[in-house]
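What follows are several structures.
Shared chain: subunit A. Partners: subunit B in the first complex, subunit C in the second.
Now for the complex of A and B:
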């Protein structure tokens, strides 16, 4: 018996705890959801029966899924680039050895410790047409009917809340990335005559590559899985304009809220979309990212 | 605009740098002539790198002036000083190709792309890098990376090159080769080099002048030979030379009241000499033999080292030998200040004088 096989039981024993957790909390629910997703249920959610795997195709082609998919993609396109840009901006500003900078670092990263519920509630009141401070400042559509109640602005308003809530995470990740850039790269560029923008574009951004790829993938994944903001701020409305894929799955106002089969089908499709997207992001960007020597 | 002067001498006047109450450079005045290859030599933490960084514009002096080509540079940005810097870590941009790394200083200055490529190729060819232009630094050996850093420095033809221990990350063989290449490069470029190192071999072999520093202060400036032959202090005497100069307390090597130094090659082993010692270690190095000996009844004095020719007879460990100190090769230092005493007429040279009470002074 080769050593490889002799060591196999020991290897399995070491892996067992991780495999048990992975199996119980990831693989089993995923398999169960996939199984549930192919079942067609009655209008009230009962009487679910296996009837081939066509339901996935039907759901994918449905107007409801397509609209929720569109909302989700637009939400990600709004939140990820802006969130990254703001995170980089704040991290670069705070990456200076100035007195009192620790205070600003704490403030900028504080949203990491704020739950989605608290953040959403805060923005709900800020944007409330009758009592909201921001609504007062902005005026116009913010006062009547309110940014969260207007079809053309609701998604933007939710996006702002989400960007704010995720800013702490991006700030912390980018700050850590900045601190790993060797100071002599900046000094070398400085002696060579590079100004602030040249140093930022030729040293900071390229050296942050792996950090930005990581933050981008995580933020995109978060955007596709956002639920709390939609549930608390708009309830998927008005008129479905903020019904994201996750809201379509869980939301109180979702038209499939009682249909376990359809809900599971949308959830599985969301998983597949995210899988494809993450692979594309990592494959596409990795070639352009430098991981050090 | 560039402040590049026709004459790129560097003058430092009473330069001081204090970091959070700690004085890194203490009132240093130094003139580095145009086209000079000046070595700033000293142990770690002596302030030599800080001094170099003040010349390059990476640190602001706390007081004193930096003048390049006669113009005061204290408030001038590095890019306007016409200074290039080579870092110990090379500071290459890991995401850029060798070509892009070399071109970077030209790109910053708005040089057109074709001209950049031409000048980068020229610099790369000068340093034997033309085959590697498309590679990233991570794909190069340490020696090649070091050359890329040099190419990036020479590509814009600065008046002054600042180099901060550029060879210390190379292995011994490559370091030896690169030393000779840097000397050749200095001759070819006819620029002013300011070179920081803690390696006295680099200082002795490369520099036209050496400035030895200790604890933020300048100990001595001179040609490598001057610094070796006439060290200005006990510190310099022991820092330059391998093995270092033997330093003996007053009254041991001669009858004077001064600390006496003698290079290992000048210390004689004579059976009849009055100062007796016991051999504690013999090192056969092939081309020479080093004999370490402890002076009898003077345990507080560190072992002295004598350098003998390899083919001569050497004593064995445990043998008793006599130590003779030829008067013409003695260096005398003030016990109070550790500075060199040049007035030899005041000293009655008496090799092998009996040991007297004395306090050993060490830097």
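Now for the complex of A and C:
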């Protein structure tokens, strides 16, 4: 056997398990969803037929898709900048060698331990107009009909739950970023007479650049893929005001719930939207690996 | 690195006051839940911030009515399967990409990377169909099999393997170690910290899956803790204290695990654990 082929049998054996799983549950379903997405199905979901590819355009132009797309983008715009800012705030606050700091770091990281179901049910309870503490304190809309049941506040309320749940992740990542900033940079800034705010804006923020890019991209991509929050907190309502793209595909109250063709079409469009984000995500990955830890 | 100037006196007190205030805010939702979980059903509306009346009955009833024992077993089995399988498949494929020479290596690696571009949420419609055709709805296989391998894990372990000194493989070959021996006795032990982080991550992401079990487990006996909470919250919509108690029961194991494995968690998150 030639040198070139000598390792090939072992390589096949080593790669086969991963390739089988990734092929069957990532690549095949993507291809099949693309195919399903162009089929027109009957109103009850059966009797699907190929009929050109214009269903994608129809779906993209439909009011339902446009609304879900807009909900998803607004959800990301509500959660990502605030989540990043709070994460930076907590990390800077905890970035001192003080007695007891380990305890505070554990507390600030703690929300990373909550799953989407746990976090959502917590906030469902807090905001519940009949038993929730927060609903009592806020009063007004929060009491009747409830922040999650009012069209103008529902998305905000879901965003608050999501920001809280992601805070631990952002805190941990930004803290690690802060710890990799060389101390002498701060010292020379101090010697140059830079005050606390100057050191923060001229040393901390620029040095955190790659970390913030990474955290921002991960948070954005999570926001676009959020599903459980909407399912548990609002069920996509009221009146579609929290029907995100994922909820439009999988939600119990979605109008395309029983139509495989339309579900697949929206899922493929979701993939295309996320493709742009994923490219950024992998760039971020390469960067981190490149700089090492 | 922490900044070199340390606060003193009033500034130090102010810093602690701020830290404590923020900690209270972050913990507030958790505190309210825990207090609620220990309240008897008829007292859940009184003093929501203070444990004025304490009972284990609510937790017991949530455990029973929510079928949470069964859900915990399901989640544990599935998460362990996924964890072990992800570590094994990632090590094997990473080894192939890092140490084996074979035609088409770059192309196959490209295929692996391409799978990172596909969000799981976009494939659930078809994956559900596949699982149904296999007869795996409501089963451990159905819940676990799609997650037994990840390109992310392969990518992470490959990076570690590539950073091992080249002479190591040569020296091992001189000692008569073949690929299998080198993998078992040199490569895997040296990659252990990364494998720990990968394992913790596989476990957490499997444990926290929400959409997939709600789609695959149509029978309550096959709920994981996450889809089980959904079932509980829908069945007991008029008994919020049961839902709260169930949520606390489900949250507890992960809090404990993360307290123990904080270091691995930080390593995993900062290595770019993007596939949440």
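Throughout what follows, the second predicted complex is superposed on the first by the 254 of 293 C-alpha atoms of A that agree within 3 Å, B and C clash if a C-alpha of one lies under 4 Å from a C-alpha of the other, contacts with A are read in each partner's own complex, and residues count from 1 in each chain.
Following the convention adopted for this analysis, contacts are C-beta pairs under 8 Å (C-beta built on N, C-alpha and C of every residue); 3 or more make two chains touch, one makes a residue touch a chain.
Note that this is a predicted model, so its numbers are computed, not measured.
**Q** Looking at A:192 after the superposition, I want to know if it touches subunit B, subunit C, both of them or none. Which is it: first, second, both, neither?
**A** The first partner, subunit B, only.
**Q** Does subunit B (first) or subunit C (second) touch A:42, or do both, or does neither?
**A** Neither partner.
**Q** Considering only touches as defined above, state whether A:206 meets subunit B (first), subunit C (second), both or neither.
**A** After superposing on A, A:206 lies in contact with subunit B but is clear of subunit C.
**Q** In this superposition, which partner touches a larger number of subunit A residues, subunit B or subunit C?
**A** Looking at subunit B versus subunit C, the one contacting more residues of subunit A is C.
**Q** Output check: A:182 vs subunit B and subunit C. Expected answer is one of first, second, both, neither. What do you get?
**A** Once the two structures are laid over each other on A, A:182 reaches both partners.
**Q** Quick one: is A:125 in contact with subunit B, with subunit C, with both, or with neither? Answer first, second, both or neither.
**A** In the superposed model, A:125 contacts subunit C only, not subunit B.
**Q** Which partner does A:164 reach: the first (subunit B), the second (subunit C), both, or neither?
**A** In the superposed model, A:164 contacts subunit C only, not subunit B.
**Q** Could you tell me if A:117 is touching subunit B, subunit C, both of them or neither one (first, second, both, neither)?
**A** A:117 sits against subunit C, while subunit B stays out of touch.
**Q** Which subunit A residues come up in both lists, the one for subunit B and the one for subunit C?
**A** 182, 187, 190, 293
**Q** What residues of subunit A sit close enough to touch subunit C in their complex?
**A** 3-8, 10-12, 14-15, 17-22, 24-30, 32-33, 36, 90, 93-98, 104, 106-118, 121-126, 128, 131, 133, 164, 167, 169, 172-173, 176-183, 186-187, 190, 199, 214, 217-218, 221-222, 224-225, 227-228, 231-232, 246, 249-250, 260, 263-264, 267-268, 270-271, 274-275, 278-279, 281-282, 284-285, 288-289, 293
**Q** Can you tell me which positions in subunit C touch subunit A when the two form their complex?
**A** It comes out as residues 1-7, 12, 15-16, 18-19, 22-23, 26-27, 29-30, 32-33, 36, 44-45, 48-49, 88-90, 92-93, 95-96, 100-103, 105, 108, 111-127, 130, 145-149, 151, 154-155, 159, 179, 207-208, 210-211, 214-215, 225-227, 229-230, 233, 240, 243-244, 247, 250-251, 254-255, 257-259, 262, 265-267, 269-272, 274, 276.
**Q** Considering only the defined contacts, which subunit A positions touch subunit B in the complex?
**A** By the definition above, subunit A touches subunit B via 182, 184-185, 187-194, 198, 202-203, 206-207, 209, 290, 292-293.
**Q** Can you name the residues of subunit B that touch subunit A in the complex?
**A** Per the stated touch rule, the residues are 56-58, 77-79, 83-85, 87, 89, 91, 93-96, 104-105, 108-109, 136-138, 152, 156.
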